[in-house]
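Each chain carries a letter (A, B and C) given by its place in the written order, and its residues are counted from 1.
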Amino acid sequence: MKNPYFPIPMEVKKAYVETTDRMLRTLELGFLSQADEKAFHFIPGQFCELSVLGKGEAPFGIASSPKENGSLKFTINKAGVVTTALHHLEEGGKIGIRGPLGNGYPIDLFKGKNLLVIGGGFAFTTLRSLIAYLLHPENRSKVNEITVVYGARMPGLLLYKEELTQWEKRSDLKLVVTVDWGDKDWKGKVGLVPNVLEEVAPSSENTYAVICGPPIMIKFTFPKLMALRFPNERIYTSLEKRMKCGIGKCGRCNIGPLYVCKDGPVFSYAQLEKLPKDY
Amino acid sequence: MKLKLDKKDFEDFLQSLMDEQDLYAPVQLAEGVSVFKRIDQPGEVNLTQFPSQKPAKDVFFPQSEVMFRYGKVGNQNEIHSMEEVKRERILFGARPCDIEAISIIEKVFVGKEYTDVYFLEKRKKTTIMGLGCNHPLSTCFCSSAGGDPFLRAGSDLFFIDLGEVYFVELLTEKGMAFRNNKFFKEADPKDLTLVKELEEKAFEKIGFSIPVDGIEKRLDLMAESSWWDRVHEKCVGCRICTYLCPTCHCFDMVDEASIDKGQRVRHWDSCLSSLYSQETSGHNPRPTTRERTRQRLMHKFNYYPKMFGQVACVGCGRCIIYCPVHFDIRQAILWTSPKRSKRFVGERI
Amino acid sequence: MEERQKAIQDRIREKARELLTNKAVDLIIGLGEGTLPLRATPIFIRNPEEADRLIWNSFCENNLATYLHKFSHSKVGIVLKGCDARSIIALSLEKRFKPDQLFLIGVPCQRMVDRRRVTKAVKGEILHAHEQGDQIIVEGEDFKTALKKNDFLYPSCQVCTHRTPVQANVWVGDPVEESPLVETHPEIKEFEKKSPEERWKYFEKESSRCIRCYACREVCPMCYCTECFVDSSNPRWIEKGLSPSDLEFYHIVRAYHQTGRCSGCGACERACPMEIRLTYLTQKLNLDVKEIFGFETGIDGDTPPPLSTYEIEDRQEFIK
């Protein structure tokens, strides 16, 4: 019987720092066994538990899209013992992975609709997966208009900068990148995400919204979404919660009768309204 | 199949079991302190103390368990998973409440998508020999929580103390495998009569006084009640109730390592500890005992029933006896019942 | 004896009613009737009508000072025995609450009954218990026994010489004679007779039962660190499992963190579900502190604990 706690061995193919404060680092991981690679199917919004033997395990959203064959991309914020160990891994470093875990974004619901994506800071990881997946030629036609508002505190703290530049040039995507404070080289928008959203004012008709960001950003952006007449059933978010096993056994991440690791981490606000405010 | 075992043969009987399999039974570590552990000598078994501090879940879901060991060989890590159970096991002397609790944990651990192999391996390789409760304590309320002092469900063999002999019922296929044990004899009709008498006496004593029935719906209406502001006050946030509870199953996973080798271990954890939900950002969704006590009571009587259709409490009474500040879960349950007095002044909790 | 206890109980209720009626405090922390015999339970009352829930008897063993950390934002009235009051003084030295935050209701203590030893002295479940003079009458389904109260007191109560709270806003009883029942803590007497190897064996045996429930830590008023050393992940001082060395490490370090701060109330030992003996450690350390530094925790509100302060005159002969 398959042991769901047993990590699959992976290797670091590429590792590079994303942000100027050096706190965010992206790892591109390759499978060591072809069989494992073939068996690994995921959808945007899912996460994996990354293991550094001797240090521990921690959950990270998958930043790469399922259509980007080969490596899995994760962006890691240096915060504690495990993440510091992940930051010290170089190319060739060995790492374990368990996944894909979680429920992922409800892409079936987005079919034939418009999509509004709002991201803040380093919560953008799974949103990248979602956007890259939908921009793929095979998938682009599934969804109508895609609007993305992505903000960070400062230009140096934006993730996936090269990709953002490419995406800004696309005609099949409306991307607005903003920062709270600009610097002398920043030519783009300056403004807080909630305010920029108000400016962009996408129509809520036939549109789903996906929002991921720090609690303070969500707190001020949510009223703007209300003002734009987005109903709770059409606003989705990916919740952060302390996790351990990732498979709904250890009990740590429960909110009411749901486990964030198994029944989430993606929930609609309509679902969250019915749950206790344990997050 | 209804048999009996003379108490004179009890230790030899246990020895006959131990010759073939590992035997887990209640053992007294000190006067008044008893746990379930593997027996080396039949004389270690102690069936007089109920409830034991550590419940029978320890036999299937140990407090500390190595999940896998690894060692560095060159640049590679060699990892060995540790779920294999080499020898068949017997759990002897667990009461119906503890046995029912194992199936409550099993519902979580053995799922459609993922199965906790560590738990399942132990469960599959264990024969459960339950023991009936002739004298339920005043703190027992198993019958209110859907069980009873002589509940056979979950046991492969069921023992009842008749004084000079144990009445033994073989209930399942696993149980029937013991029918040829040389210490078992056919039960007499008078033994059966005595069993019936004991069962009736125990049922009468324990009653149905705690209104567990319907508590899920009642708690639905109380999710944001100010009642939670009072319930938690005396709780100091230790872990006794969760560790001694036969159904609680939260755990933590940590790596313990030296330079070139180590292991991933899981330990019991408790939603009542202050750092349980602490997030890396510093935010703690359950910062005080108010949220944590609510989580515990709601999980047992509202969330778990929503997921699995029964309450996650078997009425063993350990949390009532061993809580250092005498938090009585029966009072908390009574307080959700419409039968309590309307005027809530925070009393009786 | 009972009249004295009843008088104290009445006065506690009277005072509580008065304080709550005048809104001098937001909340009173005291002890109420438990659902099980031989037990009282902490209660938290906010209305004068609830004052009659407060009780006083020889089962009022809980040290309520530990709740102050939880109610630090309220003005609190609190019922305290002698040992509890010493904890309050120790906490005030560590600046754990604001000066006018507390109203101390001091109770000169008659010594608390060791409920576990009472339970072990009879065969069968105790269903009722009450005090009668200097006896405890316990009743079960088929027995009724009278036990001499003084034979069943907690070890920490037997050696106590500060049963009257040293400080209080009001005392609800007359001060009691401060002579201990026994000169030396019975377990320390035994412990001191042992050789170092025997002492270690005893400690090893006791700590081997530990299940890391941390009840000893949570009921202790002096353990209030938001991150205890056992929870530290970097540096990781101790693992979370049951390896004997970890269990021993936890108990030794916790005892040492209490040195010079522990009032000897015994709450840790009473809370332990595995009945691990703990007061022999803490009391022995207290005795050592008294001998070496001439200091007793919680007696005066000015002298800081010796192990938390540094003076130029401190002994230095151990620095080589």
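What we mean here is this: contacts are C-beta pairs under 8 Å (C-beta built on N, C-alpha and C of every residue); 3 or more make two chains touch, one makes a residue touch a chain.
Remember, it's a predicted structure, so these values are computed and weren't measured experimentally.
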{"item": "A-B or A-C - the one linked by more C-beta pairs in contact", "value": "A-B"}
{"item": "From chain C, the most remote chain by mean C-alpha position", "value": "A"}
{"item": "Inter-chain centre distance, chain B versus chain C - centres from mean C-alpha coordinates, in Å", "value": "31"}
{"item": "Chain centre separation in whole Å, for chain C relative to chain A (CA means)", "value": "51"}
{"item": "Mean-CA-position distance for chain B and chain A (Å)", "value": "39"}
{"item": "For chain A, residues that touch 2 or more chains besides their own", "value": "80"}
{"item": "Residues of chain B touching at least two other chains", "value": "252, 254"}
{"item": "Multi-partner residues of chain C (at least 2 other chains)", "value": "none"}
{"item": "Chain C-facing residues of chain A, complex", "value": "80-81"}
{"item": "Touching residues (chain side chain C, partner chain B) in the complex", "value": "34-36, 39-47, 49-50, 53, 62, 66-67, 70, 116, 119-120, 125, 127, 209, 211-215, 217-219, 226-227, 231, 239-242, 267, 270-271, 273-275"}
{"item": "Interface residues, chain B side, partner chain C - complex", "value": "29-33, 53-54, 63-64, 135, 137-139, 230, 233-234, 236-240, 243-244, 252, 254, 256, 265, 267, 273-275, 288-289, 320-322, 324-328, 330-331, 345-347"}
{"item": "Footprint of chain B on chain A - complex, ascending", "value": "1-7, 9, 51-57, 79-80, 83, 92, 94, 214-215, 240-242, 244-245, 247-252, 254, 256-257, 262, 276-279"}
{"item": "Residues of chain C defined as touching chain A within the complex", "value": "233-234"}
